[in-house]
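Two complexes, one shared chain (subunit A), two partners (subunit B, subunit C).
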Partner chain A sequence: MIKLKDVYYTYGTRYAVEGVSLEIKEGEVTAFVGPNGAGKTTLAKLISGIIKPTRGSVYVDGIDTKKSSHLEIIRKVGIIFQNPDYQLFERTVLEEVMFALKNMGYDRREAQDRAMKALDRFGLSKYADRPPLSLSGGEKKRLTFAIVYAWDPKYIVFDEPTVGQDGLNLKNLRNVMDEMLKEGKGVIITSHDMEFLWPLNPSTFVIKEGKVVWMGKMKELFKEANYSDANLIEPQLSVISKKLSLKEPALSVEDAAEVIKGVSNI
Partner chain B sequence: MSAISRAFVYEQKDSWLYRLNPYTKIAAGLILIVASLAFFSFEKALSLFVLMLTLSASAKKLRSNAGSFVPSAPFATIIFIAEFLLGRSLLTGFAYALRFVNLVFSSSIMFTSVSPDEIDYMARKVLRSRDFSFLISTTYKFIPVLASDISQIIEVQKARGVDFDTKNIFKLLKNYYTILVPLFVVSIVRSQQLAEALELRGYGASEKPTFIYEYPLRTSDLIFMILILSLIVYIGMFA
Partner chain C sequence: MYALEVKNLSFTYKGETVKALDNVSLSLPYGKILLLTGPSGCGKTTLLRAITGLVPKIYEGSYSGEVLIDGKNVLKMSQKDLALSVGYVFQNPENQLVSYVVEREVAFGLENLGFEKEQIINKTESALKELGIYELKDRPLRTLSDGQKQLVAIAGILVMDPKILILDEPTSTLDPATAKMVSSKVKDAIRKRGASTIVVEHRIELFSEIADYIAVMKDGRIVEFGKVNEVLENYSGSELRVPAFIEVQKKAYGRVIYSRFDDFLRGLNGQKGGNFT
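And now, the complex of A and B:
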């Protein structure tokens, strides 16, 4: 479990995160949603230990991130950043995946095995010998997933994973997340793409100006308010569920279709 | 933005310094830099330091400019130790160390008080080449962007297990290599996008593009220049 206790973080004199307390369980999807600059990515960085709270504490499986090196925390919490160009620098795709594994002390053979498995998992093994910068935007993004997947962290943080992804890549991304959940991993997503998040019905924290202004299951979020002040657009399935006066909102098109056909009333 | 970045990046404040003509600010900055290099004795270096502290504080920039002490302090310490090892007196060691601090401090005062637009204006007036002046001012404008890129790349590489806190200097240098390639890639992509954006907004369409702002010389500029020159000459002759 990841626990944040009254966490503050400042950039200079500005609070990016202000008094946040929350819990994240493994084997679940958790989403941080909110407008740009709300502090979602800062929270993700705090959880992965690469920045330390200015005040308060972050515990990853009981380890206080302030009292331990980020190298210890990232073994448990892998974070996938939004922009692949910020991290790719090795000569080949295979070496790019092996880089983190070598940092973590895996011997060359095991690092190579793990890297190949991860590349295979994301459909990139055929590019193993190619320079990473020659890949397309979507492939580079998948490569960043493979990089983190290779060391098998218990929690994986996706920072704005849907940005710049086409329909097929989004479908693949959801499949990857489903499989990670089946493996018992904790999946943490920062995003404002409500259409992508809605079917996952994650435990949701609405972040605004560095504070948690709402928490609960996503399907409850729009029952109470439309949260347009947090720049959240209500997903179409939620809207149609309201129009159909459903007791519980439909989480998938299939659910909604069944209700419309009169097969079910959810 | 880190304290070091803030010490060298322009930030608009509501104070008398920002209302001066850019030529005045650049000239005063250069005078301070030259004085930092020219004043060897401890008394002169200390007087110049106090003068710059007063100048920075009255312009509401002390907090930003004080960030320049972060990178200069370790080098100043090395200079002091080296002077001591060479058998010079403690006072000479202090003077040489303070001279270095003054040099960085004066650069910080100059860079934080002249905006990229003012640099563009001056470069266009002086160099009479819009391309060259644009090159200079854009480079200056992109310093904070580059600083932000570097800090983001460092965080991304930390998330992959790169240790930037290691005490082993060779390992640290090797680890910094992981920043170079992404920084190049991001910078090249950005420069290409900037070039396209400029063309789309008519850059080069007119041989004599107009200026958005004009910066006339005022009495306050003259008074400030006389004051700063008098004080520097006084320190140089009598301190």
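And now, the complex of A and C:
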């Protein structure tokens, strides 16, 4: 479990995160949602140990991130940033995946084995010798998944994973997340893409001006009135469910269609 | 004659072997709105560059076919004619804004083209009003929100009355609620002006309701073209992110009856699902 206890983080004099306490469990999806600049990405960085709280504590499986090395935390919490170009810098795709593994103390042979398996898993082994920046946008994104997958962290943070992604990439992303969940990993997503998050029904924290203003399962979020000031757009399936007066909202297209078929006379 | 005609256009960037555009043909009648979409790297940007003449003037390579705006070949137009013909709104307004105050920013293009002062004042005022930002006219640009900045950038293009308006993912840098606000104001303004428009957008639900046509590109070709609901109804590929309410209709009715979400919801009137299990 990842625990945040009364966490503050400041950039200069401005609070990016202000008094946040929350828990994140493995084996489920957790989402941070809210407007641009609300503090979602800062929370993602705090959780993965890239930055340490100004005040308060972040515990990853009981380890205080302030009292441990970045490497110790990143072994448990992998983070995938929105823009893959910020994350890629090695000469070849294979070396890119091996870089973190070597830093974690794997010897060259073991690092190479793990890296090749990860590349294979994401359909990239044929590009092993190519420069990472020569890959297409979708391939680069898959490469960042492979990099993190290679060291098998218990929690994976996806920072705005759907921005600029076409339908095919989104389907792949969803498959990757489903597999990670099956393996019992914790999937953490920062996003304002409600249409993508809705079918996952994540444990949701609505973040506004650095604070948690709502928490609960996403299917409950739009039953209440307090989402509009956080710049969230209600997913279409939620709107449709309300129109059909469903007691529990439909989480998938199939569920909504079944209900309509049962009552429709078109 | 069409507002825009692309005829058998093929283009390969210098030093590349794969065609970025492969025999693309497209016609946009006056006053119509085309939603252009497709996966990253499919050739959308290259097509827009060709419409603005940047391909092949700035981005060199092997070029065949032609692009006509209002019947004139873009490669034979003067820079001034081209500037008056094509209005291009970028993804990020910061790439486009040059002045200090909103009103001056919107008037900038007209001033450069030597319009008379009274015309500049009138045109600027009506563009600001159409986009619902007239009250911001004296504000310094740096005090505006991202959504307001994008509306100012769009006003600065609309004011020139371009023959073709190109919106290149105009809301992709905005958060969804702001994107919805900006897109709805832009839709109103386009409708009112009857501007011939191409909108590039991944999130097709933002513009699908006002688009007359949708074109889907893949590997440098146009693989789907037609009315929005017809294309989405028959679409079986995976590149597009089809809105949930369209998918629901396909599964429930076997076809797409409503291309607008609001109309679909109205169609559900009187239907109650009761307890959902």
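In the analysis below, the second predicted complex is superposed on the first by the 261 of 266 C-alpha atoms of A that agree within 3 Å, B and C clash if a C-alpha of one lies under 4 Å from a C-alpha of the other, contacts with A are read in each partner's own complex, and residues count from 1 in each chain.
Methods note: contacts are C-beta pairs under 8 Å (C-beta built on N, C-alpha and C of every residue); 3 or more make two chains touch, one makes a residue touch a chain.
Nothing here was measured: the structure is a model prediction, and the numbers come from that model.
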*Which partner does A:K45 contact after superposing on A: first (subunit B), second (subunit C), both, neither?*
first
*Of the partners subunit B and subunit C, which touch A:M1 in the superposed model: first, second, both, neither?*
neither
*Of the two partner chains, subunit B (first) and subunit C (second), which one does A:Q236 touch, if any: first, second, both, or neither?*
second
*Is it subunit B or subunit C that touches the larger share of residues in subunit A?*
C
_Parts of subunit A lying in touch with subunit C, wherever the complex brings them together_ = 35-36, 136-138, 163-171, 192-195, 231-233, 235-237, 239-241, 243-250, 253-264, 266
_Residues on subunit A engaged by subunit B in the complex (per definition of touch)_ = 11-12, 45, 48, 50-51, 69-71, 74, 78-79, 81, 83, 85-89, 99-100, 103-104, 133, 147
*Using the touch rule from the top, collect the residues of subunit B that touch subunit A in their complex.*
1, 6, 149, 152-153, 155-163, 165, 177-178, 180-182, 185-186, 189
*In their complex, what parts of subunit C are in touch with subunit A?*
38-41, 146, 172, 174-178, 180, 202, 205, 237-245, 247-248, 251-253, 257, 261, 265, 267-269, 271-276
